[in-house]
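There are structures below to look over.
Each of the two complexes below includes chain A, the first together with chain B, the second together with chain C.
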Partner chain A sequence: MFLRRLLTRIATTLVTLLGVAVIVFAVIRIVPGDPVAMMLPPGATEADIARLNAFYGLDKSIPEQFFIWLGGVVQGDFGTSITTRQPVLGLVLSRLPATLELSVMALVIAVVLGGLVALTGTRLRYTRTEGALDVANGMALSVPDFLWGLVLILLFGVLWPVFTISGRVSPNLVPEFATSFFLFESVLRLRFDLWLDLVQHMLMPALALAIPLAAIIGQLLKQSLKETMHLDYVTLARTKGYSENHVILREALRNAVLPTLTLIGVQFTFLIGGTVIIERLFSYEGLGNMAIDAVINRDLPLIQGIVLLFALLFTLVNLAVDLLYAVLNPRLRHA
Partner chain B sequence: MKLSRRSLLKMSAASVTLSVALPAFAQAIDELVIAYNVNLPSWDPTVGPSAVNPTIQGLYQSVFDQFILQQPDLTPAPGLLTDWGWNEDRTQVWMDVREGVKWHDGSDFTAEDVAWSLARAADPATGNPIQFVWGTLANHRVEGNRVIADVAQFDPTIFKWMYFLTGYVLPKAYYERVGAEGFEAAPIGTGPYKVEQYERNAFVRLRANADYWNGVPEFETVTIRFVTDAASRVAEVESGRSHVTLEIPYEEYDRLRERSGLGGVATPVSDIAMIFFNDIDVMLDENVRRAAVHAVDKQLIIDRLLSGYGVAISTLETPEYAAFDPSIEVAYDPDLARELLAASGFSTDNPVRFTIQTTRGFKPKDYEMIQAIVGMWRRVGIEAEIEVYEVARHYELRAADQLAPAAFYNWGNSVGDPTTSTGFAMFGPSPHSVWDSPDLIERIGPLWAEPDEATRIQGWKDVSRYIAEHAYVLPLLQYVQPILHASGVTVVPHASGALLPHLMTRA
Partner chain C sequence: MSFLKIRDLSVILRGTNHRLLRGVSLDVGATEVMGLVGESGAGKSMIGKAVLGILPRSARIVGGSIELDGVDLLTLPPRQRRHLIGQKAALIPQDPLTALNPARRIGPQISDRLVDILGWDKARARARAEEILHDVHIPQPDRVLRAYPHELSGGMRQRVLIASAFAAEPRLIVADEPTTALDVTVQKQILKLIFEMQARHGTALLFVTHDLGVVSKICQRLTVLYGGLVMEEAEVGAFFEAPRHAYSRALLAATPRHTDPTADLTPVPEAVIAEARRAVAEADQRWHA
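So, the complex of A and B:
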């Protein structure tokens, strides 16, 4: 049963990716912005335009271009970037770890902050503290991540410059690691100087991404916890004499966390999407920053590669959340 | 003084905070850090979109030399080529190559490198976007220390292109040995700096070339961080993490340059703002065009929207360009604009209507400028509807000759020749021109191949006057580039807009 569901999801994922590939391929060729027109200086003639179109393989029909590209993708060749002249797959994979590390760090911060807000709000419900937390939550939610980024830059980059404003790592510390998961690998290699430097660079963009998500998590988890606190089994726990902290943490939280988990899964995909703007703001060398450059330069193969990878990530995250939900929810597990 | 544990902790915290918060501009600059406004996608300065991106040229010129050196005022000077010219009947060009120059790997720079670089640029298979210019030379050969090429098609500006886009000398032997990928991974040139470390989308660290033929740069190490967001660039300099930055809002520039430890230079660069008129609809009426031109108070736009940073222009030639003629002036005269419109039956009660296209945020205050112009036009009897588009759309529409009757654009011409400003912008047969009337084509046509330089430049001045008289285009202003820097560094601005670390010295 479980295996069949898994296989169905994988098949759905493949169809989704194919759909995304078709849409992206078509849309970026339909929307205004011809990469060759952008590249040619005004003195160029029609023959020069034709020559460069042929050079970049843009002289063929769109379906023909698509099938050539798709044929390459199936064999692991995502084409060559127009701007960097590097293989797209290599470029995208080299930047993916930076974005994943940033997203995961933002998620961890969001879960911790949101969890703390929810637990404190539940513990101190119907008090002024809960009211203050609700106000703070509302503020965190209503300000978009890039504005949080600007606020953080002003506070911790300029007024009290304790964190680094731009980049992923200090130029004099760029490691020669086996992978691009610098944060992870620096721990394994006991390079704590590098780890600290990475964290110092990542903290502000991660925080900017995390604050709105933390507010959402806090709000939903608190609501869910408050509802759970009225259930019979929680009341029973109280009558047994357990402390309020024990009731919240050990009894109510496990059930209350399920809807939040689904939300986190959905929001994580949005969070990865949010890295596009935040990475740009902090000049963080991830996939999002590269995506903006690719769009500005109309680097069609690179845009296709990045979007396809983002789509793959989104579907994988959703798949993982579904599976985790099934594992944690006994009703689904035994269905 | 009694020291308690609490007070000791307080003092420690304060000293840590102070040491962290002390901006670098308050300290002596050892390693120069520049917050640059664009990423560097590729190290090959002759291929792809980055090869024709004017802002990236400053990075390329730090590592590679061009065939001919361009000085900060745009004039040429001996560089890797020490002398150059045509033969008597202009069927050949000759170029004398500097001796004693070394590539960054220590090998000798030779005339072979120049000949190979020219031939490579002319080869359509390399994908050089300017191949159509380099293709006017053929059969490149080396005779001792001189490179000779046959003129396939006479182009009086060919030597100007040698200090313009894609006009770089690359190392023949090294490139052939390592290939395109190897060159991307470890580029070498003859320029003032060597590439020490490069992280795509992050930074490039440069080390001074101790053998540089034109003098060793003052800063031994330069780190150029790619900080594409203007607010972050401002923060970089304000916090002291970077010493120099460019392309920041004028308001921020004014706010910060007065601050202790910071300074700034703002000089006109070779970029202009203009409004193309398309030879369609109401724009075929000369009265409408002339009214549209006379109704615009350019100085007011500069003062109010650009904080005074700009130079009003009447032609597509700026004062630094070879064919600039200060006697051509198109005055702001709203009364004349009203008269002209009245002659064509238009007034504020019966306005002439057309669409004007503009980018929004592509250049400083582009949309706001057009809003202001539309307001000025309204007062004389022109009702223009603003349509916002992306610059990529502009290129596409311009190539297809489908722009609206009026379209805002910014034109760069860091070589300063009239062919690459008025010429390409206004010559009908060019797929990128907008006004295509035969009278203008007739006047411009012969200038492309005019061999006598004085006659050629005078010819372009005459064309500029003719264009101004008939209002075939609306030149607005020359941009001013603000460069913000720590007071410990002196920045020499380049009129091309290129930010060149080798021109920077300690103050």
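So, the complex of A and C:
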């Protein structure tokens, strides 16, 4: 039963990814802009251009190009970046950890902030504090992540420069690690100086990504907590002598989290999408920043590789949410 | 001596001066079963909720006292009040389908109060939970302790809730229409179980119901409520022989007899309702003065 569900899931994921690949492949070839012409110095001959076009397979028809590309992908070859002349897979994988670390950090901040807002709002419901929190939450919600990025740069980069707002790590600290998960590996290697430097770089972009999501989580979780607080089992727990805090945390929270969880999944994929602009804004060397360069340079193979990876990430996030939902909901676990 | 002693309790709808309870006084003796009857909206549940400290936010106590074992709950600070209620009283709720937390196993939902409020150690509380499940005639108590609520039928869940109410040996139990949400076929068994447990533990019981037939069989005394006002309070024997109050007589006439369910029922006559309304209005006048 579980196996069948998993297989169906994998199959739909593959179809989705294929669809994404087809669309991206077609779109980036239809929009104007010739990658080869952009790469060559002015005054290159027709012959030069033709030679490079042939080298990258751009002289063939789009369907032909697609099947050649797909044939490579199946064997783990995502082609060669036009601008850097390096294998796309290697490039993309070298940047992926930076983006993952940033996204996960943003998610953690969002969940903690949003959770605190919801719990405080529930604990202090019907008071003025609740109203104030609601207003603040609404403001956080109505400003998109990149504007928060600009605000944070102005505040903590310019007016009161306590955080580094550019790059991923200080140049003198760039580590020689086995993976590019610097934040993670620096903890394993007990390099706390490096860890602190990474966090300092990451905090502002992560916060910019996190604030809108925190607001959404805060709003939905509070709504759902307030509804749960009226349920009979919560009332029954009160008669047992339990305090308001206890009742919120042990009786209501776990049931209230379920509807929020699905939303976090969807929103987290938006957040990952948001890294593209935020990384650019903070010159953070991640996948998103690389994606913008790739688009500017019409680096077709690289764009395809990045988009496919993003799509894969999104589906994995959704899968993780489904699994977590099943774990948290006893009704599904036993079904 | 009465274990629960309510005096002149008034509850208003917050933000208005409309009273939901109009100076209710009521006593429940230490091992007594007190029936609380009255038509829908009379305020039966409000009384139970006030005693247990779970009035909805929209309702506010504005006068009177609720003494539990000689201590006035309304003068205690919230924390102590909660603790006292948790130690000495318990609720058997109306709807077993919604009164258990779907995300928690049955075992801890029975034993949590023993550990957290009464300070028992975990092993003892677990053993007690198993024992009390056995007492309410649940087969394989150890399996049920590990189950989640959705794995049990409605009747089983109500048994669990009864067990949970009696687990801490409370001195008072409030049962608010504990069988109306159940299948008719199990209603009788559950009623029987509640009174069996009450008799065995010698617990005071405040029994909220619409069913005068049940009251006549089970309760020692009863209180008739109309519009948040006590119409009559009487010994059950005397009441069913000759209710003093016209409203009580009308209520009795409007109730199906178990001995003769086909007999014609007389709806409460207009004149009686008018008189009850007048009593309510007079009480309000005195109160507002």
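In this section, the second predicted complex is superposed on the first by the 320 of 335 C-alpha atoms of A that agree within 3 Å, B and C clash if a C-alpha of one lies under 4 Å from a C-alpha of the other, contacts with A are read in each partner's own complex, and residues count from 1 in each chain.
Quick note on the criterion: a residue touches a chain if its C-beta (ideal position, glycine included) is under 8 Å from a C-beta of that chain, and two chains touch if they have at least 3 such contacts.
Here the structure is a predicted model, which is why all the values come from computation and not from measurement.
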item: Which of chain B and chain C A:R298 touches, first, second, both or neither; value: first
item: Partner chain in contact with A:G274 - chain B first, chain C second, else both or neither; value: neither
item: Touched partner set for A:N255, first chain B, second chain C, both or neither; value: second
item: Which superposed partner A:P97 touches (first chain B, second chain C, both, neither); value: neither
item: Chain B versus chain C as contact partner of A:P205, first or second or both or neither; value: neither
item: First (chain B), second (chain C), both or neither touched by A:D232; value: second
item: First (chain B), second (chain C), both or neither touched by A:T164; value: first
item: Which of chain B and chain C A:G115 touches, first, second, both or neither; value: neither
item: More chain A residues in contact [chain B versus chain C]; value: B
item: Shared chain A surface residues [contacts with chain B and with chain C]; value: none
item: Of chain C, residues touching chain A in the complex; value: 52-54, 57, 79, 82-83, 85-87, 89-91, 93-95, 98-104, 112-113, 116-117, 148, 150-151, 161
item: In the complex, chain B residues that touch chain A; value: 17, 20-21, 23, 35, 39, 41-42, 44, 47-52, 124-125, 127, 129-133, 165, 180-181, 184, 197, 199-203, 205, 223, 225-229, 231-232, 235-236, 238-241, 389-393, 395-399, 419-420, 423-425, 430-433
item: Chain B-touching residues of chain A, taken from the complex the two chains share; value: 32-35, 37-49, 51-52, 55-56, 81-86, 91, 94-95, 150, 153-154, 157-158, 160-162, 164-169, 171, 174, 280-283, 285, 289-290, 292-293, 297-299
item: Touching residues (chain side chain A, partner chain C) in the complex; value: 126, 231-233, 235-243, 246, 251, 254-255, 328-331, 334
